[in-house]
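Okay, so chain A shows up in both of these, paired with chain B first and chain C after.
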Partner chain A sequence: MRSIRRFIDTAGWPRIIIGLLLLSLFIAAPSVGVRVDQSITDTIVRFGMNGILVLGMIPMVQTGCGLNFGLPLGIIAGLLGATISIEIGLTGIAGFLGAIALAIPFAVLLGWGYGKLLNRVKGDEMMIATYVGFSSVSFMCMMWMLLPYHSPKMIWGYGGSGLRTTISLDGFWPHILDNFWAIRIGRNFMIPTGMILFFALMALIMWAFFHTKTGTAMTAVGSNPDYARAAGINVDKMRTISVIMSTVYGAIGILVYQQSFGFIQLYNGPFYMALPAVAAILIGGASVNKANITNAVIGTFLFQGILTMTPSVINNAIQSDLSEVVRIIVSDGMIVYALTRATRKSR
Partner chain B sequence: MTKKNGFKDTISHLFIGNAVPIMFIILIAIAIPLSGFSTRYLIEEMVTRLGRDSFLVLSLLIPIMAGMGLNFGIVLGAMAGQIGIILVTNWGVSGVGGLFLAMAVATPLAILLGWIAGIVLNHAKGREMVTSMILGFFINGVYQLVVLYFMGKIIPISNSALVLSRGYGIRNAIDLKGMRQSLDRLIPLKIGGIAVPVATFIFIALLCVFIWWFAKTKLGHDMRAVGQDMSVSENAGIKVERTRIIAIILSTVLACYGQIIFLQNIGTLNTYNSHDQTATFAIAALLIGGATVAKASIPNVFVGVILFHLMFVVAPKAGKQLMGSAMIGEYFRVFVSYGIIAVSIVLYAWKRSNEKERSRRSLRGEQEIPKTD
Partner chain C sequence: MTEQQPVLQMQDITKEYFGNRVLTNVCLDVNRGEILGLVGENGAGKSTLMNILFGMSIIAETGGYTGKVCIDGKEVVFQNPFDALRAGIGMVHQEFSLIPGFTATENILLNGEVLHDNIVAKLFGPRLKTLDLPEMRSIAEKSIELLGVEINPDTLVAEMPVGHKQFTELAREIHRPEMKLLVLDEPTAVLTESEAQVLLTSLRRLAATGISIIFITHRLQEIFDVCDRIVILRDGQVVKEAATRDTDIVQVAELMVGRSMSAKSVATRAYDEKTETVISIDHLWVDMPGETVRDVTLEVHKGEIFGIGGLAGQGKLGIPNGVMGLYPAGGSVTVHGKPIPLNDPAAALAAGMAFVSEDRRGVGLLLEEALDLNIASTAMQSQNKFIRPLLGGLLKWRDDKAIQDVAREYIEALDIKCTGTSQRVEELSGGNQQKICLAKAFALQPDVLFVSEPTRGIDVGAKARVLEALRTYNRKNGTTIIMISSELEELRSICDRIAIVDEGRIAGILPPSATAKEFGLLMIGKLKGEGSEVNSYA
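Showing the complex of A and B:
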């Protein structure tokens, strides 16, 4: 009994409810005519699509910068990389890697500025991050129209200038990771090996980084800034590094997302992309000031599982599309819960 | 605390406070000739928009007084107001009577939502703004659940014009025929051919008087004290948490009325979108009027509404003239709304962390700081 109570205490009610919800959805699936193998495939694919974006939350949480509601900034860097890669006509694996290589400098630059800004507003990071995200997305809305792109694959057919709202990746790098070593069993089951391996690689890099000297210093900054300063760690520098890392992960994450999705979404596309990622890591057991890779993996799986299962199962069961509402309630409810639970640290 | 900051801070405060409106006046002064709108048209638009939006923006003032920052949770009130309007439309009550009935029906709901929001924000002290914003998203999900699935099924809706063809759920757009501008036109007045919504302005004036009076009551003083320093107020015998909850409830209820006034002017309810931008635009307007996260006054509201909406009206046309595309102007005004909020909270947080650093340093010079953790 006591061990059950302890489990509930450590896991927290929302996570248990979400876990049970997902489990019951999987159990109910066959009885309403939803193929379980198809559902599992979808869950895995969506896990791979979103996993790296969720990983991008970890560095900032670890250094005490809070949840990265400014993820759209990283996404913008990724979009710049993707569009430039298409503009210069890179295709296939070169196109994808080229997009990453082009996106990283933007991400580092934007992340650096973003980090400097967050260092000046300690204690209010999350609110400011949100609005940095919103305003940069709306700023880029203008830029997508004005930047001198020429590739006929990307600009509006009429008028001849300004990028389209969605750009198809056909002929460039659609599903390039999904199809890499993909395992197909039957018609409905597929494991996107390449994408999962890429996620594992990114997680490994993150894990290794947090075991270097800098990484340990970053964790110290997050758990006790005063102690870290006393130990001779440059707090602001560590925070900036973490923000840059988060932004770079955001940029790479959106590229992985796009290659699987098959389209690049510009303009208002990145607006609310931070919320699902934030919700996922919280569902995985992270708090406002503590997160690790396990949280990201479990959280992404649970959250994406629910997103995959609710439309198919509930739609078949009661003939109406509740998925959007469930998504909003689960993700935002989780974030509100985490924000109210967080103990305030003296800064 | 504010008095101790001295002369230099007062000057910088004044500058920061007025830099934003000044910047906007310059921006608009450039954009108006570019847009080619006539003065008459602009005045007409501004009169309409003042009536439409001022009430909503005024609803932001009380939480700022209580030190809870910009209340992004006014969308909760907006949603309550919309539910009131849906119900009243269903009952077929029209005209000003319907409008007031909608307010009456929505009030308990707004109080309930405000109470919930107040409790949630009491658990998230120091991060009220971000919490109220996400709470708004969350309640939006609940709102959709209720309006899209429960209405017509669990909550009886008899008016078939409201219900989606599948038999339950409310339609995307509701034409508020009976209510359209019922308050605006209650007391007809035309000055130089421009219709002035006198009754709406009377309403707004009453609210201004209420806020002015409220600030002078015991509760208003308590709120200021809580806004200054929660622990000192607690020691002085003020029930901090209760005071904060009341502030949020008041703001939510006022926002509910504000949204109803807003919608009677527009004349259509976009069931699932009308409240989306309520908080963003109201807050952006207030900040453009020279308010900050910690300080806002009634003049800020009116200056803000006028400047914000001038930009809103003028930007697309000016964008078309300047860049050859109206979309640029559209994106520009959205960018300005978000950008101005970002800049304001950055300035505020920056100032606060500087102050904290300064006071910490002065403390360290004199004595050992007691560990709070």
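Showing the complex of A and C:
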């Protein structure tokens, strides 16, 4: 009894309930004709696609900047990296790594400015971050039209200028991580080893960072800024570093997402990317000012698992094509649920 | 006490939290118009007992309690605080539960407003009745008057000094006609000595009107000043119940901590002026709200324990906060002859100074973090201790093992009660949290250690151990300690010299052997001109 109670205490009811729901969906799946192996593959792939975006929430939460609703800013840096990499004609692994290398400077620069801005609005970070995200997306909607891209793979066929809304990665780096050391069993089951390893690497870097002097200082800043100041820590600098990190993770995260998806989505693509990532880390048990890698891993798995399973199971159960509607209801419902769970641990 | 029915009887109250027994067969009676002092160390069960009395939800959530609570002889079981309020029980907490943007009147009559009928209310229901402000004002005035203080009922709470907030809260409880029993949880903790005196006088007046009072405080002297009876709790049991006149302060203190207190004062060394000056402060001003320092010049010598005392609000707290760079400051500070840049906490730490803040929870601790990190992180950030350089110093890796070792060392040295080095600090009691703050400063191995209000809000036993730890550290390492405290007795028991701050300036420096009268004169010396009563700065 006691060990069960301890498990409930450490895991928390929301995770247990969602976990049981996910399990029941997997159990119910065969009876309505949904293949379990296919479902597991989908869940793992979606986990890998979104995992790094969720990891990117951690630094800002840890320094007390709140949840990174400005994730689109990092995504834009990633999109710039991806499009420039294609523009200069890099393909294969060089294309993917090139995209990352090109995206990081943009992410650092944008993150630095974003961090400076957030330092001026302490206490209202999340509200401001939301609008930073929205306005940067709108600004880039203009820029995607105006920037001097020439690659025929990317620009509109008619008119001959401006980038398309969706750019195929065929011939560049589609599934480059997914297929790396991929394990395939039968026709329907696949583990995208490369993508999972890459996620693990990014998680390891994050973990290591929070074990350094700077990372510890960040934790102190998030936990109690007054303590941090009295300990001689430059609070604003730590916050800026955390925002830069979150933005860089956003940039790398979207590149991983795209290689698995096979397409680059521009214009309004980044608009709604922040909420699922925010919801995932909250479902994983993070609060508004405390998060760790376990929260990110568990949260991403549960959120993406439910998001994968519910539409297909319900769709097959009621024999009609409602998948998109169900998907939106479930994902937004989970986001609302997660946001109601958002707790600010008070001092 | 058979001649009259007690207002409150608590019989055989037993309470367990998850198998951990915190109250065992506690019995408590309060008679009409009686002031009962409830004392006990932190964790003795005072708060739990009062939570049961007040029907706080935490009690029911953790499995309820056994025993009986009777009000006026009738057994009651309060489901929530509203039941308790209706039964005529009021509680004044340590923290102010007042609305800052409302006036005293509005706060006092919150949710008990006097209402006027009007035509709109007749049409659309009672929620639209208008307030009878003059009537409300006079009720508020009456209950403030009953306390014997002068507070303008139209003052916004946000603009009141701390003491007046406390009185406003008290007035809110007593304005209700059904009020029978008032519980005061450490009402004087945030007050200056003179304000506390006024409060105690008010309590007497209240008791005379027939209201019973349960008075919880750490300041034993106040219990003896005001209470009729004392109940002493220790480890969840009543160890003694006695009329105040039948006991004395030493006995109560002993019963509280369960051990004899050693003779209070250890003879301090004769102050030797020849030792070198470690820190000299010259014409320091500090802009710390409520504790402005105007012009302070001081020299403190090596190995000395230097006390700074004075009334609240006179600026004694501003001195360490200014020197350590936490509030805007000017003037000059030199340590070992080297000038220290002000307004830069990192520079102050680098100069070998450390600070134990008076604001333990606000500045002193990372409440949500493990206690080892709390102890180590200041030393780690400012002195690169507990760091293992990796890749030729490129990576500064946190050395968790060294951090745990140092935490274990201080847990033992300071007798910190905890489950281990990874326990979160918010779970510790006030006294143990204070020891963590000390350990944090000790881990810096400072030349000069500022300790601000080290014993505020902690119990007698922990107080003695904190002072002992400071004294030992000073003797062993020759560290210069500058201790700021509101409690003169405490300063006199440990310091080599004591400076008294008045109106942001040093009024004088005395040896600890000086009489209380001399200290008192320095403290209030300049206040005299403006009238010495606390009400004067309303």
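Keep this in mind: the second predicted complex is superposed on the first by the 305 of 347 C-alpha atoms of A that agree within 3 Å, B and C clash if a C-alpha of one lies under 4 Å from a C-alpha of the other, contacts with A are read in each partner's own complex, and residues count from 1 in each chain.
Just so we're on the same page, a residue touches a chain if its C-beta (ideal position, glycine included) is under 8 Å from a C-beta of that chain, and two chains touch if they have at least 3 such contacts.
Please read these numbers as outputs of a predicted model, since none were measured by experiment.
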>> With both complexes overlaid on chain A, does A:Met127 touch chain B (first), chain C (second), both or neither?
In response: first
>> With both structures fitted on chain A, tell me whether chain B or chain C touches more of chain A's residues.
In response: B
> Touching A:Lys213 in the superposition: chain B (first), chain C (second), both, neither?
Replying inline: second
> In the superposed arrangement, does A:Ala231 touch chain B (first), chain C (second), both or neither?
Replying inline: second
> Now for A:Phe69: first (chain B), second (chain C), both, or neither, which partner does it touch?
Replying inline: first
> Given the touch rule stated above, what does A:Phe198 touch, chain B (first), chain C (second), both, or neither?
Replying inline: neither
> So which positions on chain A get touched by both chain B and chain C?
Replying inline: 345, 347
>> Can you tell me which positions in chain C touch chain A when the two form their complex?
In response: 324, 326, 345-350, 355, 357, 359, 361-369, 373, 377-378, 380-382, 384, 387, 395-398, 400
> Of all residues in chain A, which touch chain B in the complex?
Replying inline: 69, 117, 120-124, 126-128, 130-132, 134-135, 138-139, 141-142, 145-146, 162, 275, 320, 322, 324-325, 327-329, 332-333, 335-336, 339-342, 344-347
> If you look only at chain B, which of its residues touch chain A in the complex?
Replying inline: 120, 123-127, 129-131, 133-135, 137-138, 140-142, 144-145, 148-149, 166, 323, 325, 327-328, 331-332, 334-335, 337-339, 341-342, 345-346, 348-350, 352-353, 356, 372-373
> Where on chain A is chain C touching in the complex?
Replying inline: 208, 211-217, 219-220, 223-224, 226-227, 229-234, 290, 345, 347
